[in-house]
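Have a look at these structures, which come just after this line.
Below, chain A partners chain B and then partners chain C, in two separate complexes.
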Partner chain A sequence: MAEAEGGIGPSHWTNAAFVAPYMLILLGMLFMPLCLGIWLAFQDYDMLGGWSGGVGIENFQNLLDDRIFRGTVRNTLKFVLMTTPAFVALGLFLALALNNTLRRSALLRAIFFGSSVLSVTIVTLVWRLVYLPDRGLLANALGLFGLPGVDLMTSQVWALPAIAIVTVWWIIGLPMTLFLAGLQQIPPELYEAAALDNAGRWRTLTGITLPSIRRTIVVVAVIEVILQFQLFGQALLITGGGPDNSTRPMVQFIYEAGFRDLQLGFAAAASQVLFALMLIAALAQFWAGRRKGV
Partner chain B sequence: MQTYQRGKSLGDRVLLAAVIGLALVWLAPIVWVIGLSFKPNEVLMHSTGGILAPPFTLKNYIDILAASSVFSWMLNSTIVAVGQTVLTLLIASLAGYGFARTNFPGRSVLFVLVLAALAVPEQAIIVPLHTMFAAADLHNTYAALIAPRLAFPFGVLLMTQYFRAIPPEIDEAALLDRASRIKIFFRIILPLSIPAQATLGIYTFLHAWNEYFWPLVSATKPAMYTLTVGLASMQTNFAQTEGIGFLMAQAVFAGLPVLILYLFFQRHIIAAVAGGPIK
Partner chain C sequence: MLRRALLPLATLAAIAAAQGLTALPAQAQPKTEITFARFFGACEGDYGTSQDIAKARGECGVMTTLVNLFNATNKDNIVVKPQIIEWGPYYQQLNARIAAKDIPTIAVMHAAQLGDYTRYVEELDGVLKEAGIDAADFTPNARTAVTVGGKIYAMPWDTHSWLWHFNIGLFKKAGLVDSAGQPLVPKSVDEFMAHAKQMKEKTGKPYVIMATAGAGDFANGGRGYYSWLYDQSGSIFPAGYEKADFKTSESLAAFGVFEQLAKNDYITKGLDGSGGLGGFMNGIGAVYMTGTWRIDDFLAASTKPGGALSEGYTTRVFPNLFKNQAVWTDNHSWVLPKGGSTTPATRKAALTFLKFLWDHNFDWARGGGHLPSRQSLMADYAKLPLRQYVVDIPSFGKALPHEVRRQFGFQNMIGEEVANIVNAGKTAAQAADAAQERSVALLRGR
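Coming up: the complex of A and B.
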């Protein structure tokens, strides 16, 4: 038993030296700030005034009362609800279409994955130009059809969906790749059996392919929810959170509370709320997936 | 794949057309921006249409070489990304070997800690992390830019998974020959893991190169900006800017290193994303 899942050779404490460098970094750079952050969330601590002692749950109460914070929670949830289905559906579509050994498909996969190696700064630079109301690529494209340019960035309705489109364009490669990996694991015998039964393409898809990758679908959805909760750079650099806070995400709120207003306790409390929401959302999806017998 | 053997049906053609159409949408912004970077700023003031028509200019790129801070930011990014990559490879390989191929008291408890770290997002710790580095007076140093990401557990998990797949007989035979653990690691196991090292290395480099949030709050002096942060700092007043071509040239210039890396190491990058090194 110990052999099967364990290492090789006799147990000796000196072997721990192999993992010691990483464990020290993990404790110092991740678990220590995590604990410090939880402590900070219950303190009145700002960088200028210094530490004024524990305040219980006052920071959390202030967050609840903060109109802007409640807005950022709403914006973040909206953004997650816009992007996650798009990532799952489009990622699955691309993976199904490109899951073959043709040269052409390899090139297309490379194109769809390629944008995700760019940094958020380059991506937002490119897309702010695309969205320029008078001279942007979008305005030029609309102009071809005789339509006027639109200023998505100053629209409370359209600014967040516009950021969602940028995000899907940026990192569609991740879900596509995860789905491709899932499709590769389906035993070919299943398809051979379907072919013998003269099953059509639609029946093969709904009867074999989709049921076989249900687990992958859940995993991709969970990963995307976790990733999209962390929306920050795109919103900060494209709209700065505007117009009228309609695109300000929770992470930007943490950034501004902690690093602009220097209210560390308040910002740490907001971080804990974000962390808790992410955990709840991820666990809920896993639970829902399990109940469906994935 | 079997479904493709029946020849080209109408469905196949529609599907292919849809995917190619999408691919063009994906490429359009990049091609357009590259085109604009070769256009004079005066022309772009009025219109950005007709990127294929003259006049063209290299002035935007010459301006980068001459004046802007892009080069020193690029140097910072290179130092940070290379440093983080080398250290990650070393630390993650050591830890991966320890977890996968040795026994010591408390090993499974520590491994659960590593797995638990996967659940902690950067945003949950960035405020206290910043406070810690401020207390140690380490901001605006390369050490501060490099250290926090070394704690991310992805590399350790990847290397553990890879080392587990290597047949145990190799270590067992070497142990019988009374070779030391550290010798077995460096002489035998590490050379066997070069494909995994390549995957993890390129993945780490890309992430370090593209990182935005931590450098944004840690490197506050322009001389210590990384390329990602520096470029972002120049994006203000975008709509009024007179230098769209110059901005675009910077975007192309900054994106070029990763795109070249991507062209050469595409398989490794995609393998890392799919959750395992190339076998």
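Coming up: the complex of A and C.
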């Protein structure tokens, strides 16, 4: 039996049995739906009416002409740009503040992570009560200072940032935890050396901490870009995409086109556009991270 | 020795066998489970085990109690397993279930949806007869609603429609009541705006409460738009069902009513469903635009001393502000999705349960607020509190014909444009333009 070059044991086709379950699931649950989705994007397929044949790139042309869809692309990109830096900055700030062995820090870590376990339904119910015009928590809080209530949900300018705030509040726990894990990998000797050199806090942060967790920063940014491109539940439940389409994300458009309006081919084409955007954004970040020598 | 030891065992076994044989007739009916997909909410906390149908209130209370009652009293050992889904995503989930072959035995369906589903639900002409349900007793409105291409595809459960619900206390304060203390209902758009102005000046509150903020609320604007469009004998399909026209004068006028309300702050803005409901109960506005299904809830609220409705509550059909009285209607109905009954036993059980529901149609109308689907119950329905004001709806209620595809898509899209007028300051013309553009996308493809 031939020895595998550079391997740790003899090569034999039966070894494939070890990876086969994973490969089968990967092919069946990911690769095949992906291929079917791409095929579907070029068809006229009504969920209840059935298949009416191929339509070439017509679904993509219709997407380009669709004002609502163009709006959802704009909204989604804006949302990613609002939330991803917030997740990175706030997650890092919380991790730095809570990266110690104090009991209150452990409690605060649990509290900040706690909201992540709530379902989107609960989170949006709570925040609707906060944002409710006239009688919501925000309106009451402003009223205490003699300020008039603001109706964020009917403002085309503020509705999307308001959803971004909900999202950051909801799932800040994950980036915080990833940064905590990254911070705890930094050898303590580096900090001891910096202390001996009388390095200040800022110098320590910029000279030791940030360079040491640069890889984590890229991971968090890529994860958040991928996650936030998939904005759906919060927007659907808080504003339904309004006012005047100013908060409708791409996933809601896909959901409505496919499952409400039954246009599976059209929805699949929109899904491919979303997939392409996510891929480009994630690759760009990854590439930028590598250029910096990560 | 062994024989002596085995004898008692054999005796015991014989007794057990005999008992088993005698006990068999009592348990002769094997259990038959059927699934029952519905919306109408979940309320196990209040009605989890209740079988007292007379005490059930609201859609959820009546529906839950009916299933409890059937499961406890049917003699065929049938167990109905409710599958309760929020109404907003109900059809999306039903579509996914049909695609995945996870099909419920019985499912609720709005008549407006039926045209899209005829390939997937059974024709019921013969089935209803087999179940002992007399289709001749359907109201004309209900019959039209469940008939597609001359065939019946569902058992109608009700007719429901769009109403104005009045806070009489605020109407009194605004001086908008007649000599009998009943609210003055406007008969034209100008009169409506004059009343709304008077309401705002005298009470400081908006005339209209309508939920417009969430995706589940968009239907509200759609129903109001349709009602005022139908009052003008208007249609969004003046030239066939494959091309909509939102720029007709009637359509612009229907959108225009909402524009006037919004521009003058005569309507609430940014409220979701619970905010609108709670707002009406707390007196933040004078008229709540919602459906027949809320009558009982508001009647109950009006009996609470000190409540915002304690000075009186009443309801009227969505008022005719134009030429002739018409109003949006839809119907809840029960369908048998193809593939949902897997055995003759489940099919028989489904028909038995349908018949049970048919026999309790009045309970649904009483507790749920809707109009019954049975003509023979109409006279008794009219005797229920406030129902004299809505009992005539089936005679002038209108719905889109089944030939119109993607009706829920239309209702949501129109409602979203109404919400854009109310919340985002769009004009009627801008909303009509947007609806026109979006209707092309909706009707695209097969």
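The criterion applied here is as follows: the second predicted complex is superposed on the first by the 263 of 294 C-alpha atoms of A that agree within 3 Å, B and C clash if a C-alpha of one lies under 4 Å from a C-alpha of the other, contacts with A are read in each partner's own complex, and residues count from 1 in each chain.
We adopt the following convention: a contact is a pair of C-beta atoms (placed from the backbone, for glycine too) under 8 Å apart; a residue touches a chain by one contact, two chains touch by 3 or more.
Predicted model, so just to flag it, every value in this text is computed and none were measured.
> Could you let me know whether more residues of chain A are touched by chain B or by chain C?
B
> Give one of first, second, both or neither to describe whether A:Leu118 is in contact with chain B, with chain C, with both, or with none.
A:Leu118 sits against chain B, while chain C stays out of touch.
> Regarding the shared-chain residue A:Phe145, is it in contact with chain B (first), chain C (second), both, or neither?
neither
> Could you say whether A:Leu98 touches chain B, chain C, both of them, or neither, answering first, second, both or neither?
First partner only.
> Return first, second, both or neither, reflecting whether A:Leu132 touches chain B, chain C, both chains, or no partner chain.
A:Leu132: touches chain B and chain C.
> Look at A:Leu237 in the shared chain and tell me whether it touches chain B only, chain C only, both, or neither; answer first, second, both or neither.
It touches chain B and chain C both.
> Which holds for A:Asn62: it touches chain B only (first), chain C only (second), both, or neither?
Only chain C is touched by A:Asn62; chain B is not.
> May I ask you to decide whether A:Tyr255 touches chain B, chain C, both, or neither, giving the answer as first, second, both or neither?
Both chain B and chain C are touched by A:Tyr255.
> Under the contact definition given at the top, report the residues of chain A touching chain B in one complex and chain C in the other.
128, 132-133, 135, 237, 255, 259
> Show which residues of chain C lie in contact with chain A when the two form their complex.
So the residues of chain C touching chain A come out as 89, 91-92, 95-96, 98-99, 116-117, 119-120, 213-218, 269-272, 274-275, 284, 406, 408-409, 412, 416, 419-420, 423-424, 426, 434, 437-438, 441-442, 444-446.
> Quick one: in the complex, what on chain A touches chain C?
Touching chain C from chain A are residues 44, 46-50, 52, 62, 66-68, 128, 132-135, 151, 153-154, 156, 236-244, 246, 255-256, 259-263, 265-266.
> Which part of chain A faces chain B closely enough to touch in the complex?
2, 6-19, 21-23, 25-26, 28-34, 36-37, 40, 94, 97-101, 108-115, 117-122, 124-130, 132-133, 135-137, 140, 143, 169, 173-174, 177-178, 180-181, 188, 191-192, 194-195, 201, 204, 226, 229-230, 232-233, 237, 251, 254-255, 258-259, 264, 267-268, 271-272, 274-275, 278-279
> Touching residues of chain B toward chain A in the complex: what are they?
For this pair, the touching residues of chain B are 1-4, 11, 15-16, 18-20, 22-23, 26-30, 32-33, 36, 44, 46-49, 91-92, 94-95, 97-107, 110, 113-114, 117, 119-132, 147-148, 150-153, 156, 168, 171-172, 175, 181, 185, 206, 209-210, 212-213, 217, 227-229, 231-232, 235, 238-239, 244, 247-248, 250-251, 254-255, 258-259, 261-262, 266, 269-270, 273-275.
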